[in-house]
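You will see two complexes here that share subunit A, one where it goes with subunit B and one where it goes with subunit C.
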Partner chain A sequence: MNGRVTLKIFFFFLLLIIIIFLVLLFGKKLNSPAKADPNDTVLYSTHGAKVRGLDPGDIGDVTSSIIASQMIECLYQYHYLKRPYQIIPCLAENMPTVSEDGLVYTIKIKKGVLFTDDKCFKDDKGRELKAGDFVFAWKRIADIKYISKNWWIFDNKITGLDEFRQYSKTCKTSADVDYNTPVEGLQTPDDWTLVIKLRRPWPQIVYMLAHLPTAPMAKEAVDYYRKDIINHPVGTGPYKLNRWHKGSYIEMVKNPTFRDEFYPSEGEANDATNGILADAGKKLPLTNRLVTVLIQEDPPQWFLFLQGKIDVSGIPKDNFSEAIDLRRQLTPEMRARNIKLLTFRDPSTYWFGFNMEDEVLGKNLPLRMALSCAVDRDKYVELFTNNRSEAAYGFIPPLMSCYNANIKNISQTSYNVQKARKLVKEAEQIYGSKLPRLVLSMPGTDIVFRQQGDFLKRCFSDAGLDVEMDYMDWPTFQNKIKTKSAQIFALGWVGDIPDAENFLQLFYSKNVSPGSNNFNYSNPEFDQIYEKAYVMSDGAERDALYKKAEEVVVKDCPAIFLTHGVAFILTHDWAMNIKPNAFAYGTSKYRRVDEAKKAAYKELLRKLK
Partner chain B sequence: MIAYIIRRLLYTIPIIFGVLLVTFILFNVVSGDVSDQIAGKAASAETIKEIRAEYGWDKPLFLSWDSQFINHLKNCLTFQFGRSWSDRELIITKIAQGALPSLSLTVPMFIGEVAISISLALIVAFFRGTIIDIMSVFICVVLMSVPFLSFILFGQYFLAFKWGLFPVYFWPDLPLPQYVALPVLIGIIAGLGGNLRFYRTVMLDELRNDYVRTAFAKGLSSRSVLFRHVLKNAMIPIITQVILAIPFLFLGSLLLERFFGIPGLGYLMIDAIGARDFQVINAMTFIGAILFVVFNLITDICYSIVDPRVSFE
Partner chain C sequence: MNKAKEKNNVPKIKGRSYWADSLRQLRKHKLAMYSLGIIVVYILVVMFIYLANWTKIDVPFLDWNQQVGKEYERPNKQNILGTDFLGRSVLRKTIYGARVSLTVAFWASIISMSIGVPLGAAAGYFRGFIDDIVVWLYTTLSSIPYILLILAFALVLRGKTLSLHWLGLGTISLSGISTVYLAIGLTSWVGICRLIRGEVMKHKERDYILAAQSYGCGSSRIIFRHLIPNVFHLIIISFSLQFVGFIQAEVILSFLGLGEKNSPSWGAMIDAARLDLPKGYWWEMTAATAAIFIISLALNIFGDALRDSLDPKLKVQ
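== the complex of A and B ==
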């Protein structure tokens, strides 16, 4: 080969290598932290799902709710520190005045609360919040042309609102719906008073008034942004939207017109010793900016947390042993980084539900019990959740006040292969021949679902049961459930409010598929208890009814109740005032960053290297 | 040539119609109804009915001037794809916003990959049969055998997390070249094996031709033989490979965008598949098909430029 040509090619490659090297250097230089404003405090967090939209009326997913709750407020909120969970006023002046029959709620709105400055308002200045903004927001959810996911909140609850929904059906387009049409159950005697008239007592309304979809909406914002309101949250909250790179990053900054709200001065007994009351009485929010990085894959999220670029993180399954040892404590490596571990029970229950309308399962209690007795829950918890859950035998999670600690004995469905085999024989007698193959629908196709499937198949086969796994994507699975065509299905429920009614309604016969009762369970005794408890206020009597209702259900065994979730959270030591809350989303206003400790971590990282 | 281009453009009409028909049948007939999914967890039948009316799914599929298929044709041909049902955002806005991040990742990756592969292919073709050639084939096979995800995990762990040479993830305060540098590097290395083997084969095929021996026999320099004759004659397969890869640049890189948080079209596509957002998938498929047809035409025109033997008749 000609020497000159070889030389040219050599130089070409040399040039390429130099370019790559420069890129590397360039990368290294820019990777060092940019010059920061010393007075700027920033909280960095991460979520594993994308933000689908910030219009509270149509919000239906957790990530969007968490982001929107930093900017949009409701009438009520959860006390940040007190447990059991307690509702306190937010945009309301005080707790509602309730009529003796429990049908009329009168709520005073705080005066002087401003919507955040936005170009939808006159002179770009946010106007004062009025009671009519709640009426507008709720009529909007009722308006069928708006197609809100959240109509279930108000369905058949407020006098006249269902009639407004019927009226909206008669309109040709969304623009034809007249929001001045009066609704008897939503009155505003003055700009700061809201009167709600109910069709029947609904004590859970207070929790719903702390639920993001019931937040007020400024009509100006809806008219100005129309369908693009999903990208332009206009609220009264402590933060406002600054930057949003769809799918990967969202930044909020302090709302300069936020009303006076202060850090709580009371909490649980050990809050003072844990330093969580150190900021008592300080004006909220305590941090200037909130940055949320949206990461759907575990490795980058874990790397960013260890690099100190994210303040708080969950623990990816594959990194669990790196963070937590066999005694459920932090590993020495995590302790060396001054990382803290927080654990708390979340309001969740997961199960393998039975379709009670299925010919084979629905009429065969011994078969359902055999399936339940065949599943080794403790092994499942160890294998598939890194022990981040507790075995379940009922549907009410342990953090609820009405949790029945004896539910395991009542259900009589603990793991017992011998018992399961006996029950299978009984089931065969009822069925009249050998049991047919059953099908368990799994809402995923990845390796973890298949491992779970193998585990379950072995459990069932040990008990003499033939169960086939059917793996599918989530939408197909959902469709199967809604059309009652799944025989056994893997599903669960995470409570929206700290009231077990939220779980009980999953078994109410009027809610069968496509409603929330995916089991298609129907028991008049349960329905009677549910209807009685539904209209009762919080208290021991209602708790006793909830327990009774759960007993009725577990004895009918409409599901293999599997686990209740336990959340593990890691925080860096500079993230202050972190107290997990299973129901509240807008809690970033209480959190603070200790910049000195954060700077020390950078030094620590250098030493660890 | 103009007549040829017009003729080819006319051919695209049935192709585009076929694409639209297939996507319509796949997303509207075979895959079933997603209205209950849009309606949320406790939706009533009336809400589902309203959703079907909003998206026009209550209309007949084919046999009407106002059928779903005719509307599908109209919407696609006017690029009015409507709103994504998963987040109610305008699909055309989503695509416009995702195009730049995707192109900023795929264009440098593509240029780097082509430049390095062709240059290395020339070298190994010249050194054919020697240890350099054997080693290059071995390395190519190794690179081709390693799953793409392994390159991503390895690069993210060592180059970004352990050694801190690059950012681990998208960070908007950083300039664009920096956060795409690592995914570009990973993309180039991961694609090098297959490309190098392809171009090496192309070069070897040319080097074995009689005209190369004749050129050397006439005393032409290696430079002249390589760059004036071999490279030019190898251009047809290279052009085919390169130009037909361009439409895919607009569609982004699914895995790289997801692992590095680049808010591009690959990310958009994978999200839409996960959410069963057929409107978005349909829009991306349609745009992909248009680009593919257009670049096919460009490829054919380029053939005539590099090889006068190719005729448009």
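== the complex of A and C ==
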């Protein structure tokens, strides 16, 4: 008996050893992808953050938006090449017809657009897109039981939609919410016409109709996948999801039923010379597959890019000097690898905001100005952003059409220690005694924030100001701001749309904390201009009002406006048609890979080694 | 008379106490004495920093926040250990950093001893229900990974205030350094508690305790007058060895952003240097790690020698 058991164990281990030997011998071949198809073109990219979910109704983060935008489309999109940024039809047949009072938008939808094939549909075949799919998607966002983080888009904007939200509150369960309940402001006279009635003029709606959360949803998909819809995007886009290994990679493949869309034939003046118009008129998408690798740390992302395993990359802070020299050009090492540099302005502004309801700061303009004059923005940009930002003196970023190049002179708050000291004396007279210690809340505790704190402390103490840094985690920081208990706070804003109203609303008195006006700033003159400009359509007159509103704000100095972002992007020479876009996400359909050049890079790497 | 003379002629044998004997043995250990010298130097530096802060004496060498050169200056004659991203002297920061590290280690040791020793002694002496409670408590605590436990304590304690009115000390605001030593102290008493409990259980059966009991001594008198002095060598050894661990715990907490915020510490320096290393700025990391290495090594050597000299079992007969 014992002998038999020993023999069994012996054979078991022998088998195990043989299996291990075979795996080691042939494993590499088994794991490697099937032999590459020469016509199979693939774009490789990487993201550092997690993909939280691909349900457009509830998407809020940038990484998920970028991934989902390759598969899901909206009524409108941004022209890929034209600048300033221009909205063009996507699922809509043309631009909306707007009634004279600016309250009714009629939008015709393209006929014959199909949802991608999916098992949620009858016979697994995607059906045609209808106007009702938009109404369903927007009612879904309004449905309180769904708890979408995107309700802010429609809040108090569309006639009857807020009432639908109220109605959904009265339902016991989410299954009880009847989506057939009519909403006056969302009507579909026929399957290809969508009529939107607004409560008050809202010219920015066109930008919102190019924003992913407003994409259509097929009711079949929501009913079939239920909560799992976040893992099963069903759209009309150029790609469809093939594989998604959570936290590892996402693979998307060409959608065979994608409608006819072609590469633009017009762009900016230098696009033709840059070769970006070479594919004009070609059917989109230009690449068969998209592979997105999800890596949270900077160093592996950077090494994958240098090895040519990723086509496009940002530049990690630590590797900046390796890639970019002091003249803001590529280093010889990068040029030797045929890497190209693209820079573009972010629609972002960062600041140290003042709580205008604070007793010390709110009533003391010289003190606020002194604080602003004390900060050496150029040094800050050099130390903390690798010179990847521009000093800011107002809140409207330079890429906006209403940017005021003279805002620095208007604000009178450039770095000047002598002036700051004088202003401190004035501030002390107003306060009545020596100024108390001020507290600047930082939204993080890590070393980067602490280094920034050390730098700022020095700037302020040079000007004779005593400012203490209070480092805290993000939820505590948010809570402090929402309860108006932060005195000075480090924050910023990245524009969602190319309309500066997005920034202006941050200073509107009706939006004070817990709303988006974290400064708790209130100025009737500003409010008047904002209310006038808000309902106006895009144009020179509105731009002038925006500029005027910004002037009013910077003269009141409710913040130390610090920087505007500038993005640096590196691309390999085989990644074609790369033109950065500050607002659009679904741009992979325009991009192409030159496989011959890509193959040459492997040779180049061998030589460089 | 003669007898008396004889008595006087008997050479007196001077007795040596246990402590004196141990010290004599320790003094023979040269390396341990050098290590003690290093530890004393560190302690004197920290005491000087506290004295200078308290008396508000302007000592330029302790003004760590002063710009002494350009940003990221390599070590040179003016700045022996180079400068950091704001042109501040790395040497000054390293010296000033000793204040946080040693203060944290000292107070954390005191806190952990003052929890661990009485609890261990009580558990070992009374046994029964009290022993069950204490053992349950330290088993539960020790089953949680140490770093996670410290982190949890540090996060919970941060920003809170500690009322010590009943001690006549007022209110202490828990921020930065005090959070760190409280978190470390409150989570690190398990080892000493376990050690003391075992030792007390052993001593409880000895004759001198039975004698004390038969004289009618109370439990607290027996514990504090008889038992603890007899296991005191363990407390000293444990103190010296834990000290090193606490310096390292402070470094980890500062590295994770939960340490001292407004003045340099070795942990914060290492954290800052982490970002600078890829750019080739190695001197801040080197300075902080060297400072930790030297004090850790000195404490370890001294702690080992102390154990050799104090532990009766290890004494060479």
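Here is the rule we go by: the second predicted complex is superposed on the first by the 574 of 609 C-alpha atoms of A that agree within 3 Å, B and C clash if a C-alpha of one lies under 4 Å from a C-alpha of the other, contacts with A are read in each partner's own complex, and residues count from 1 in each chain.
Operating definition for what follows: a residue touches a chain if its C-beta (ideal position, glycine included) is under 8 Å from a C-beta of that chain, and two chains touch if they have at least 3 such contacts.
No experiment lies behind these values; they were computed from the predicted model shown.
With both structures placed on the common chain, the touch criterion links A:F303 to subunit B but leaves subunit C unconnected.
When the two complexes are overlaid on their common chain A, residue A:F455 makes contact with subunit C while staying clear of subunit B.
When the two structures are aligned on the shared chain, A:L383 is found in touch with subunit C, with no touch to subunit B. Within the superposed three-chain model, A:K149 lies in touch with subunit B and out of touch with subunit C [touch as defined at top].
Legend: residue contacts after superposition of the two complexes on their common chain; A:K246 is shown touching subunit B, with no touch to subunit C.
Once the two complexes are overlaid on the shared chain, A:I447 sits against subunit C while remaining clear of subunit B.
Shared-chain residue A:S321: touches subunit C; no touch with subunit B. Measured by the number of subunit A residues touched, the leading partner among subunit B and subunit C is B.
Shared interface residues of subunit A, touching subunit B in one complex and subunit C in the other, do not exist. Of all residues in subunit C, those touching subunit A in their complex are 65, 67, 71, 85-86, 159, 257-258, 261-262, 268, 271-272, 274-275, 278-279.
The part of subunit A that touches subunit B in the complex is made up of residues 1-2, 4-6, 8-9, 12-13, 16, 20, 23-24, 26-28, 30-31, 34, 50, 52-53, 55, 58, 60, 144-145, 147, 149-152, 155, 169, 227-228, 230-231, 243, 245-249, 251, 293-297, 299-300, 303-304, 306-307, 309, 473-475, 478-479, 482, 511, 514-516. Touching subunit C in their complex are the following residues of subunit A: 317-319, 321, 383, 444-448, 450-451, 453-455, 457-458, 468-469, 471-472.
If you check the complex, the residues on subunit B that touch subunit A are 32-34, 36-48, 50-51, 54, 83, 86-90, 94, 97, 115-116, 119-120, 122-123, 126-127, 153, 156-157, 160-161, 164-175, 177-178, 181-182, 185, 221-223, 226, 258-263, 267-268, 271, 274-276.
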